[in-house]
Amino acid sequence: MAKQRKVTAVWARIGIYAFLLAAAAFFLLPLYVMLTTSFKSMEEIRLGQIFALPSAPSFDAWRAAWSEACTGVSCEGVRGGFWNSVAIAVPSVVLPILLGAVNGYALSWWKPRGGEWLFGILMLGAFIPIQVMIYPLVKLEAALGIYSSLPGIVVVHLVFAMPIMTLLFRNYYAGLPAELFKAARVDGGGFWRIFVQLVLPMSTPMLIVAAIMQITGVWNDYILGLTFAGRENQPMTVQLNNVINTTTGERLYNLNMAATILTSAVPLLVYLISGRWFVRGIAAGAVK
Amino acid sequence: MSGVNIQGLSIKFGANEVIKGLDLQVVEGEFLVLLGPSGCGKSTLLHSIAGLIDVSGGRIEIGGQDMTDAEPSERGIGMVFQSYALYPTMTVEKNMSFGLRVAGTPKAEIARRVDKAAQMLQLTPLLQRKPAQLSGGQRQRVAIGRALVREAGVFLFDEPLSNLDAKLRAELRRELKLLHHTLGSTMIYVTHDQVEAMTLASRIVVMKGGVIQQIGTPAEVYERPANLFVAGFLGAPAINLVPARVGADGRTLDGALPLQLAEGRATAGQAVVLGVRPEHIRLQDDGRWRATVELVEPMGNHQVVWMKLGTQGFSALVHDGRRVAAGDVLAFDLDESALSVFDATTETRLD
Amino acid sequence: QLKAEVIHWWTSGGESAAAKTLAEAYKAQGGQWVDTAIALGEQARSVAINRIAGGNPPTAAQFNTTQQFRDIVEQGLLNNVDDVAKRDGWDKFLPETVLQAIRVNGHYYAAPVNIHNMSWFWFSKAAFKKAGIAEEPKSFDELFAALDKLKAAGLVPLAHGGQPWQDGIVFTATLAHYGGRDLYLKVFRDRDPKAIMGEDFKKVLLAFKRLQSYTDKGSPGRNWNDATAMLINGRAGVQIMGDWAKGEFAQAKQEAGKDYGCSFGFGPNAPYIVQGDVMVFPKTSKPDQIKAQQLLASVITQPATQVAFSQKKGSIPIRTDVDVSKLDICAQMGVAAMKDKARQLGNGEIYITPDQNGALQDVLTSYWNRNIPVEKVQKDVLSALK
Amino acid sequence: MTSPRRFLKRSAAWFALLPLALIVCVGYVGTVLWTLRTSVSSSRTFPKDDFVGLQQFERLLDNERWQLAIHNLAVYGVLYIAAAMLIGFLLAVFIDQKVRGEGVLRTAFLYPYAMSFVATGLVWQWVLNPDSGLQNAMQQLGWTNFQFDWIVDQDMVIYTVVIAGTWQGAGLVMALMLAGLRGIDEEIWKAARLDGIPAWRVYLSVVLPMMGPTLATVFTLLAVSVVKVFDTVVAMTQGGPGTASDVPAKFIMDHLFGRANLALASAGAVMLLITVLALVAPLAYVRSRQKSQGGH
Amino acid sequence: MSGVNIQGLSIKFGANEVIKGLDLQVVEGEFLVLLGPSGCGKSTLLHSIAGLIDVSGGRIEIGGQDMTDAEPSERGIGMVFQSYALYPTMTVEKNMSFGLRVAGTPKAEIARRVDKAAQMLQLTPLLQRKPAQLSGGQRQRVAIGRALVREAGVFLFDEPLSNLDAKLRAELRRELKLLHHTLGSTMIYVTHDQVEAMTLASRIVVMKGGVIQQIGTPAEVYERPANLFVAGFLGAPAINLVPARVGADGRTLDGALPLQLAEGRATAGQAVVLGVRPEHIRLQDDGRWRATVELVEPMGNHQVVWMKLGTQGFSALVHDGRRVAAGDVLAFDLDESALSVFDATTETRLD
């Protein structure tokens, strides 16, 4: 019997891996095409054999994408905006996550009067296409004197991240044992202390999900950075788009692929190292 | 300073009224034990005193001040939750010291109190563990510890010892009593353990369905239960209830235990129920009645003897080591002075 | 030093090189070019507009030689460069169609940079050979014949990227070269209902739809350069695309006249369709910004700059009084055609608003991709141009 | 019934929500009102202060492209949300089985999310293109009957957008679901194992309901991205063939930028919002009713 | 069919060995009660029998088959978790019926079993509630119900009655006993309630720190504890322990209670500890010793009298209603036949 069970367990394992590998194959197929393309020459690409391996793999496109491709009068590849992107990303990731966590916590645990209304409007606002809001926001920031500056872009990211970040944390906190909140209040914890000492440590899985979303969103953002950051602070994606996008210019697909992968390196890195934060049973042992 | 005064308290969950216009005065420094069947609203009452539930009516005063709407932290209470509600990301030590750290207590003082509580609760080796790594009883002790270190004016304990072994429970019972003496704080204590209730309580409150049935000292509640419910609820084995009808003289009873009541205790023709505690049934050879033994439960230091007289079942406690076996026919008598009499319809005590 | 921040969308390799010639020319004459390149015209224009609205305008911004910047002019948010235009005599050397676009109420609000013709016909010599076509078509009917032959030879007759704007290019070419100059102007400039509902226009539409039948199944969504690649590989015979396609051929080391043929139309009087890029100058009252703007306007339009730019860009200069020997033969053909004023014909967008143009594009792309009765299309075109 | 004192104490929560309130009032309410205002004007490149009634809405409702876009949105929305949630959930569940290389797998499923769609859309276009992509490859491998040309098919193209969208979004759903799964008390699992519940059934009947809040988050997230879907379509199909894969956001953007018709674009945004409101309002109403009836 | 045989079981949490090479044979149909102090590994043992914890060594057989690595569901067990582990999104009814529904039990049969369990557990009016809407005791009853409906071969109960009131507890105790008889299944039952242990157990296992101290019938364990730990752990109030040294004759004891032991029970000069249960101390006027009353605890049906003889403290049970007050000096004697004697160093029983 035990033997039989082991056999089924082995089959179950095989099934699990089969599914995961099949899924991975589906997910990785475009990456495969991107990578092979990036190592091909344009002549080879023009043949249209997208699944073929490069006949003479070359790193030229990568080097060009990083440091040589033209993005206007200057030809410095995508690296140009790297530090700008970092400068935008750090506050635009940290602030929205923190604010979102605070909002979610306040809404789900303290339930202040009118909070649900605020949240409802916010969630509704999430459905407006960002682009429609750009013009009034430009006017607003201009009036505040932060248009075309680092604070300008951070504020815009904050505004647009608010619905999702708040939603994320509000629903997450709603799932934690309410008893904890009671205990903490008896212990005399005020709003902030409960948040910092009790709620935040229990938020790691959601913090990491929020970080994944926000880093990706901010790092890949193009239109907002373009519009609000000012020309001194243009993020990397502006260079990326300049490398890739063109209506009437020539398209160097190998370079485009390399540039795209290079630009997404930072979020990818975050994904890779995020694993240890997906902890199991964060609230285990809290209540009977 | 820290008496608790509850007036007309009512609490609803949706349409379900769990506490119904409850009045209760807890004197400062009192050790009040709440007793009542599962689901009668004990925890709900504690939660409302702590300010963790919105009340739908009534007033709660603590230390003479209206605290009906005050924040839990302002009420000066320490609480042990029935479900523990430990902070899962904090170690045992952090769990216990959290409240003190919040209050800005000096570090040395925190360490002193935590150490003391940990020692008393035998948690010292576990101080660096997280709740998930503890056994059920250990978690419960952490929950107690967290309340104790606060040295609050009012302690609310919701079945704090239920998952502990008898020995530890006895020790902690003693410690709690001691603590109560030294701190002089008011304790409101929910328990299902009658030994706990009897040994700890200065007064016992018996609740049923959100309504208080009787308030009194342990002896009062046990010996002079206010109604059939209280009588049946307290005591293990349960009180023997014998229905009877009062004769024309207003004294003589028929039924399984024909007796003479004291003058004026009942009226002629009244249907009553006699309550006889098992320990007041004495097996003695010259007893007025004889019954057949049905079952004997040995309990270590005593035996419970289940007997039948006609159709009426009885239990009796036997403390002398005598051997009793099922089928024996034994003569018994009872301690009439300790008898309770209840009206069969209103179920209230007749005196 | 006059600092000029310029927003433009010349971001690909060839375009960058072209932009650099402007920057260098500007620098040589005492300016400093501050480059703000933003890929894709729509993006670049909207950033420019937002920056104007936000009170942080660039010194100059690229627009197309169309009505795209009319609204900004009307809002009074652009500086004119009348002084430069008068001094340099723009009226004398600029083509009428270009002037039409940049001159509003007698003021000059933009400096033209170049002229693009969006509707060239490109032929793959290799494919033609395979299909046994000896000569490049000299009329639209010959074009159809060639396409038929290509089809018979199992090649893709018309390499096409099925994106709305490319559909629009094919339409423009058909209307101009199949329908003729008069009909073209009646439709675009006059938006004449009679013409639009008329038989001639119907024929144009049918010819347009016929062209669709020569495309391959994979054409929808394809980028234009992938279509050009089909010509380069000899898989397809013809492409109708702007003069920038030369860049692709050049990339693949193919030469005009040798490996591929180019033609902007058929016959000696074929109209030359004019579009292109201009620089507009957002309103500012800072004197040195105004000076920078005027210098830029002047530098851009100088003959030397013009030649250098067009050489890199693949377009043709805005003026015909330049040395064309350095330009490729296709461009030389274009310049030659431009010398005859009667052959200049504005791109549709010069005559209609972006909104109308968009609506027209919607109609055309639907027609191209679906089976819609031509009469209904005529009605739709009419209402799009209303 | 809250006394001033209690209110004061809760003011910390209010204070903390102040930035949110500000963002909501200025950022969202403000822009919604602005959009509303613009939608009844004749604004072109710049907002205009005139009032033209519901003219823009009439034009919108008359527009075949808009109708098609709305229709596409519905198809895309239903399929994409269903597919992303299903696949995301399955991936999370399988990855949660203590598999080797969890980190690599997780990244493999998540990476599409990090990639700019400008390039990946192109790759999808290639892969799905009958000439260069899968169909061709399969046919060359000998499956000559293999047909997969949805992307050039008027009626099927929207499904290719669903495929690419799911490919991009499922990873994030997986991450969210994974976080939700890991939050479930181990003891519940033990109880279920003891009850002899097969794992799939536990996931379905116990875990999934317990993940209610997570599911709500995921659903809302996906719904928001559905309404805003734009990049995917533009990069993959440019809304084509023709306008077959058009979506409202693309319609709005076209009019906002290329066509300099701010008013019509605003009208489109308002219509979208009204649609969402019409879908959400009954739900919210039911939920608030439920809340006020049962429990606290 | 469903005996449980455990050999050399050892379980580790990280470096912490919680169960240490434990051997235990549970006979089929037996009612085995696990007793032990908080944190001694009782829950861990149950979890390992259920297959919910990976064992680090040893073997577990159920019904004669090696089940060490079997799936929990294959082991044919029903379990009540100490922490309940109710399915939070299911109603009480669904919680109880879920396992049956999955197993494909016919609907009518499910309804029958659920109804029966609900009735027995007094949960019928709560069947449509979710766990969050229940009181602590109600939740615990749902947890019991969920196990009971399974009618499994082996039941594992982890303190199933700890949060119930005495009356309900007594009723359920009886019901469980009945159920045990009718189903004939094997029960392994953790409790801290000695009354429960005494009344339910066919055998009691006393554990300490992951090691079994004694296995025996309730009477054996109570009356003849195998070592000092078991003696002290069982009984409330606790057994009185009196250190003494054996005289040269190998019989005479010095210390607070000078006595003569039976021949051969101890050796000359040995240090021993006497164990005297409080109920074996009889207050009688002709008693050999006299002690001063320090504290009297009334317990309803009896009193606990704390006395002091020299420096040695004692407790005694008084069942007759006599009034005793602190300060009284009372003569007492003891029941020497019930005396336990332990070696003071090895702490094991001497017989």
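When the chains are written out, they are named A, B, C, D and E in that same order, and each has its own residue count from 1.
Just so we're on the same page, a contact is a pair of C-beta atoms (placed from the backbone, for glycine too) under 8 Å apart; a residue touches a chain by one contact, two chains touch by 3 or more.
Predicted model only: the values in this text are computed from it and were never measured.
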item	value
Farthest chain relative to subunit E (centres taken as mean CA coordinates)	C
More contacts between chains, A-B or A-D	A-D
Centroid distance [mean C-alpha coordinates] between subunit C and subunit B, Å	92
Rounded Å distance between subunit B and subunit D, as computed from the means of their C-alpha atoms	56
Euclidean distance of C-alpha centroids - subunit A vs subunit C, Å	38
Intercentroid distance (Cα basis), subunit D paired with subunit C, Å	37
For subunit D, residues that touch 2 or more chains besides their own	2, 122, 131-132, 185, 210, 212, 256-257, 294-295
Contacts with 2+ other chains: residues of subunit A	48, 135, 190, 241, 244-245, 281-284, 288
Residues of subunit C whose C-beta touches two or more other chains	43, 46, 53, 223
Footprint of subunit D on subunit E - complex, ascending	47, 50-52, 71-74, 77-79, 81, 83, 85-90, 98-99, 102-103, 132-133, 146, 150
Subunit B-touching residues of subunit E, taken from the complex the two chains share	13, 35-39, 43-44, 82-83, 133-138, 141, 158-159, 162-170, 192-195, 198-199, 218-219, 222, 232-238, 277-279, 297-302, 317, 319, 321, 335
Of all residues in subunit A, those that touch subunit C in their complex	42-43, 46-48, 69-75, 134-135, 138-139, 141-142, 147-148, 223, 226-227, 230-231, 238, 241-252
Parts of subunit C lying in touch with subunit D, wherever the complex brings them together	42-43, 45-46, 49, 53, 68, 71-72, 75, 162-164, 216-223, 353-355, 357-359, 362, 365-366, 368-370
Subunit A residues within the subunit B interface of the complex	177, 179-180, 182-190, 193, 197-198, 201-202, 281-288
